[in-house]
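The following pair of complexes shares a single chain, chain A, combined with chain B in the former and chain C in the latter.
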Partner chain A sequence: MDLKDKLLSSFLAFESNVDLDNPVHEVRSEAIKNFENKGFPSKREEAWKYTSLNNLQKIDFSIFPKQETALEYKDIKKYFIHEIDTYKIVFIDGVYSSYLSETTHDGVDVCLMSAALTKPQYRQVIDVYFNKVASKDESLTSLNTAFSKEGAYIYIPKNKMPKKPIQILHLATGNEAALLLQPRNLVIAEENAEVQVIERHQSLTGNEVLTNSVTEIFAAQDAIVDYYKVQNDVSTASLIDNTYISQKDKSVVRVHTFSFGGKLTRNNLNFYQNGERIDSTLKGVTILGEKQHVDHHTLVHHAQPNCESHQDYKGIFGEQSTGVFNGKIIVDKIAQKTNAFQQNNNVLISDRATVNTKPQLEIFADDVKCSHGCTVGQLDEEALFYLQSRGIPKKEAQALLMYAFANNVLESVRIPELKTRINTLIANKLGVNLGFDL
Partner chain B sequence: MLEIKDLHASIEDKKILKGINLEVNPGEVHAIMGPNGSGKSTLASVIAGKEEFEIKKGSISLDGEDLEELAPEERAHNGIFMSFQYPVEIPGVSVTNFIKTAINESRKARGLEDMPANEMLKLIREKSELLEIDRKFLSRSLNEGFSGGEKKRNEIFQMAMMEPKLAILDETDSGLDIDALRIVANGVNKLRSKDNAIIVITHYQRLLEYIVPDYVHVLHDGKIVKSGSKELALELEEKGYDWLKQEAVL
Partner chain C sequence: MAYTEEELKKELETKEYEYGFYTDIESDTFPKGLNEEIVVGISKKKEEPEWMTEWRLEAFRVWKEMEEPEWANVHYEKPNFQDISYYSAPNKKPKYNSLDEVDPELLETFKKLGISLDEQKKLAGVAVDIVMDSVSVATTFKKTLAEKGIIFCSISEAIQEHPELVKKYIGTVVPQKDNFYAALNSAVFSDGSFCYIPKGVRCPMELSTYFRINQAGTGQFERTLVIADEGSYVSYLEGCTAPSRDENQLHAAVVELIALDDAEIKYSTVQNWFPGDKEGKGGVFNFVTKRGLCEKNAKISWTQVETGSAVTWKYPSCVLKGDNSIGEFYSIAVTNNFQQADTGTKMIHLGKNTKSTIISKGISAGQSQNSYRGLVQVNSRAENARNFSQCDSLLMGNRCGAHTFPYIETKNKSAQIEHEATTSKIGEDQIFYCNQRGIDTEKAIALIVNGFSKEVLNKLPMEFAVEAQKLLEISLEGSVG
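Moving on, here comes the complex of A and B:
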């Protein structure tokens, strides 16, 4: 049975475990129909030209893990930004671990999607926000919606800010030979609220894992949301991340994506600006080796006047790794005075690495500033010679240059401990100790 | 100290150096002058070990050790320093972190421990004062957004920190106004000692009024066509290079 058929028949089993009278279930039923019609995207589709899901579909993934596993904090501590106090929402093989988590209802809700989807006190919020910005057309998002049951639920009321950042950690233990996970997250920052979220997916073994995740983020007027995605998984773990963001007047949403690992990673990051004077920031650092593949597909839809968007993606590709950047910017006719910037720079450090980069601008307004640039190149020989002539060995000099190349993306990271951690990951990934704290 | 014998060097089969002979002893300052395209910067790069240049014939040695097989960093560890005509910008790496890394890598190569932090700070303070460099400047990203003068001053600051045996100053005067030139030259002069040597590469005589050379060599078409004392620089200033080109043809 192929994966699509398996998923469709699993949906029937899934239905026997959820409340069919819940209005959410109607949303799920519509979604599974869309997935049934469309199936997995293929390379024939323009948006999937450079990323094939064929091999993943041949794997016999378990849709529901059979047993629950307990993990000790000390064994997974390193996957947290443990240097600071944070709220934690932890899932093991898709199942919430209350033992490893620290949730709160103290003025804000940092808790579980399963509770939000089923308990009456969340019903009103769910009615307003659930599946409202996520695509109803895109098949993998529909697949996630159909099976949506668990994930992180973060609700920050007007003028509130959680006492500390929130970490969402998805762990896969390898109990199943191959496991499919479909977390569903909802983040809502009401008027003038602020929140910082760090999300990470981590497999603990060499067994196959495929995560098809959907996150919806709503930023109301004057809200500030910082969302950090740390992607440094093992080489048998694949991730399809579908993130949809809806912004209102004067809100600021910044999404940073750090892609250093995994087998296949696809980031579908979609910003919808539904107000004026909005600021959207999309930044990414990608450093790959082996046969790793990362595909960044971004969309910024400027639908109102006087808004800004800033995109800056840096990639360093070694060995036989492959990278894709496809950045689409739509500026509606009404969206005058839009400032949209997009930059994608790549360095190939191996003859066998490849990058495909494509800016895609659809501008219907006439008074806008839109700039875009993409480059693919090698490290600057002159710069390398400069560093070497100061006594810095070639390997360290290369690392220093790559670090310098990727560095400016980190400037907007607002959690210093996270920045330090990312710097360390970059240094590790580049295989050197640079001799000073970055 | 530095001995260059019949040096021929090419880049992509284009011959640039066509038989250079030069001997530099401790305590000496040599100026290498010449028109554009004569091979001055190439000579500096070949001594510092730039890989694009291929040595076709001849040899370069420092204190008797042949340099040809040494990587640029190994030459730096042996005491060669080149001040770049166009220093490279390295965003995200501060001047301080950069110089720390450079110094500690050189120490590591000599089997020494990292320089203790307080010693490093003291050295940085001392040398930055020598070049009238503001402390705030040291926390800026290396060369990023620096003016021409700041870049050159920063080069000589690095030289002061690294205390090389042989410093090659490649067009250090280009892009400097007179005040910056005086500061840079003053810095270089304070670093002169009986144990080290300096090669000043310049198109103009101006810098040599401040850094007074013991010897002046004129490079033309990949060869040293004339050598002399510091008076030669004045003569060049007055007459230009054409008369030497004539002489070279004869």
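Moving on, here comes the complex of A and C:
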């Protein structure tokens, strides 16, 4: 039985465990129909031209893990930014672990999607926000919607800010030979609210894991949302991350994606600007080796005047890795005075690495400033020589230059401890010890 | 003459097609429709050898299985391929030895187009192979060229007289099954130009062909083959105008360039086919496959000025096969009213130390859509490949659109690729800068628009630049004071 059929039949089993009278279930039924029609995307589709899911579909994934596993905090401590105090929402094989988590209802809601979807006090919020910005057309998003049950639920009311950042950690223990996870997150920042979220997916064994995650983020007027994605998974873990962001007037949303690991990672990041004077930032650092594959697929839709968007993706590709960047900026007719910038720089450090990049502009308004630039190149020979002539060994000199290359992206990270952690990850990935922080 | 942006926009909208006229020449036209008989019929009509007929049939059979591509960012009513007549020839044959023998109506057409077939042409140094509704009717300067060993004739003539060259090279750069329109063209091409420059010869003049679509309901399927042998140089000009028509006319041409070791080909196009009227009615569909192959140290340079056609679908490409070869692409695409253009280039780097440059300028006005679509591909063996791409779009008014779809695929670590794209209207700061220096706003706009396209216009050969400016004046050069 192929994966699609398995998923369709699993949906029937899934239905027997949820409340069918819940209005959310209608959304799920619609979504599974769409997935049934569309199936998994193939390379023939323009959006999936450079990323194939064929190999993943051959794996016999378990859709519902049979047993629960407990983990000790000390074993997984290293996957947290543990230097600072944070709220934590931890899932083990897709199941919430209250033992490892720290949630709150004190002024803000940092809790679970399963609660939000079923408890009456959240009904109103769910009605307004759930599945409202996520695509109803894209098949993998629909697949997630159909099975949506658990994930992080973050609600920040007007003028509030949680005392500390929020970490979401999805762990896979390898209890199943192959596991499919479909977390569903919802982040809502009401007027003038602010929130910082760090998200990470981590597999703890060499068993196959595929995560098809959907996150919806709503930023109301003047809200500020910082969302950091740390992707440094093992080489048997694949991630399809679908993030949809809806922004209102004067809101600021920044999404940083750090991709250092995993077998196949696909980031679908979609910004919809539904107001004026909005600022959207999309940044990413990708450092790959082995046969890793990372595909950044971004969309920024400027639908109202006087907005800005900034995109900056840097990639360093070694060994037989493949990097894909596909960024699209759409500027509607009425979105005059839009400033949209898109930058994608890549360095190839191996003969067998590949970079495919496709920055796109679709512009229908005339009074705009839109630009995109992308480059593929190597480290500057002269800069390398300069450093070597001053006694810095070649390897360190290279790492230094790569740091400098990735640094722009790190500059806008607003949690210092996270920045330090990312620096360490970069140093590890490049196999050097710099002996200082940038 | 100076314009403000508003006036310019108005003029753009109201400007009627200047070269809209229709010459009534008795034509020998095939019935509408396409099947194997028609393909064989065309081949027979052209008295082609059997291998050519077979080649056409092979293409036709492939074409039947193919589907029309839909990926381009253009929307149009698909042509009914069974409702087109695939062959039409001016029937006053044979070829003329002097101008007096030429049909006076034809001469009138040439006059309106500004082509003079008389001695003045010689002074201008341009040899013209005029394609009037699919059959070549006049060729000048053959003699001068023949002295150097240069072959410049219609492709049907080349099939008759130089079958070995045609057989060797036709379809090597654009195979029959390359794409839907290339296959169609391979099956039914009626005529086109053929050019061969022998080893080490520098062609003394700019070779030029004028294409005209002139018969109601006939699509024009041109096939051009240019071969530059080792160490040779040729500059080839292609310019087009077409009469006004209400129904859409289909044009699916194929151009193949072959630059052998150390050769250089410069291919310039000015395209000003009927773009449809203000309501977007009518206009030519222009689905063209153009590709060049560079051997060692060879260079191919495409320059195009696209102002016409209702729908344009055109990607002049370079396959940089040989080491140290160079590909260049310079383009201005102007769209107005309801025109749609999806144009760009492909640079395929296969050899070592290959270089490519892409400069594309798009100007959209009215309700038109202008897209750049380009591919830069660096193969794993293409050491030290270098590419620079720049795509700038200028928008006039808020009902038009500009789109950029660059694809960059790199499989070699020593490659250096840069891509830049900008979209803007005429910058207020630019105008301010000019104002500061005593240039009034009207003049400033004229200057900026002119400067925007100059980079590409400069690449056109002298003789052509004049005409390009003439054709462009309705949109660009008209703004120059």
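As a working rule, the second predicted complex is superposed on the first by the 438 of 438 C-alpha atoms of A that agree within 3 Å, B and C clash if a C-alpha of one lies under 4 Å from a C-alpha of the other, contacts with A are read in each partner's own complex, and residues count from 1 in each chain.
Methods note: a contact is a pair of C-beta atoms (placed from the backbone, for glycine too) under 8 Å apart; a residue touches a chain by one contact, two chains touch by 3 or more.
Remember, it's a predicted structure, so these values are computed and weren't measured experimentally.
A.B. asks: Would you sort A:Glu46 into first (chain B), second (chain C), both or neither based on which partner it touches?
C.D. replies: second
A.B. asks: Which partner does A:Ile392 reach: the first (chain B), the second (chain C), both, or neither?
C.D. replies: Touch partner of A:Ile392: chain B, not chain C.
A.B. asks: Per the contact definition in the header, classify A:Tyr99: touching chain B only (first), chain C only (second), both, or neither.
C.D. replies: A:Tyr99 sits against neither chain B nor chain C.
A.B. asks: Between chain B and chain C, which one contacts more residues of chain A in the superposed model?
C.D. replies: Counting contacted residues of chain A, the larger count belongs to C.
A.B. asks: Just to be sure I read the superposition right, which of the two partners does A:Thr357 touch: chain B = first, chain C = second, or both, or neither?
C.D. replies: Second partner only.
A.B. asks: So in the superposed three-chain picture, is A:Glu381 touching just chain B, just chain C, both, or none of them (first/second/both/neither)?
C.D. replies: Touch partner of A:Glu381: chain B, not chain C.
A.B. asks: Examine A:Leu401 and indicate which partner it touches, taking first as chain B and second as chain C; both and neither are also allowed.
C.D. replies: first
A.B. asks: Between chain B and chain C, which residues of chain A are contacted by each of them?
C.D. replies: None.
A.B. asks: In the complex formed with chain A, which residues of chain B make contact?
C.D. replies: Residues in contact with chain A: 45, 48-52, 71-73, 75-77, 80-82, 84, 86-88, 90-93, 97-98, 100-106, 109, 114, 141, 158, 162.
A.B. asks: If we count contacts the way the header does, which residues on chain A are in touch with chain C in the complex?
C.D. replies: 46, 333, 336, 346, 348-378
A.B. asks: Quick one: in the complex, what on chain A touches chain B?
C.D. replies: It comes out as residues 380-383, 385-394, 396-397, 400-401, 403-404, 407-408, 434-436.
A.B. asks: Across the complex, what residues on chain C touch chain A?
C.D. replies: 71, 378, 380, 393, 395-425
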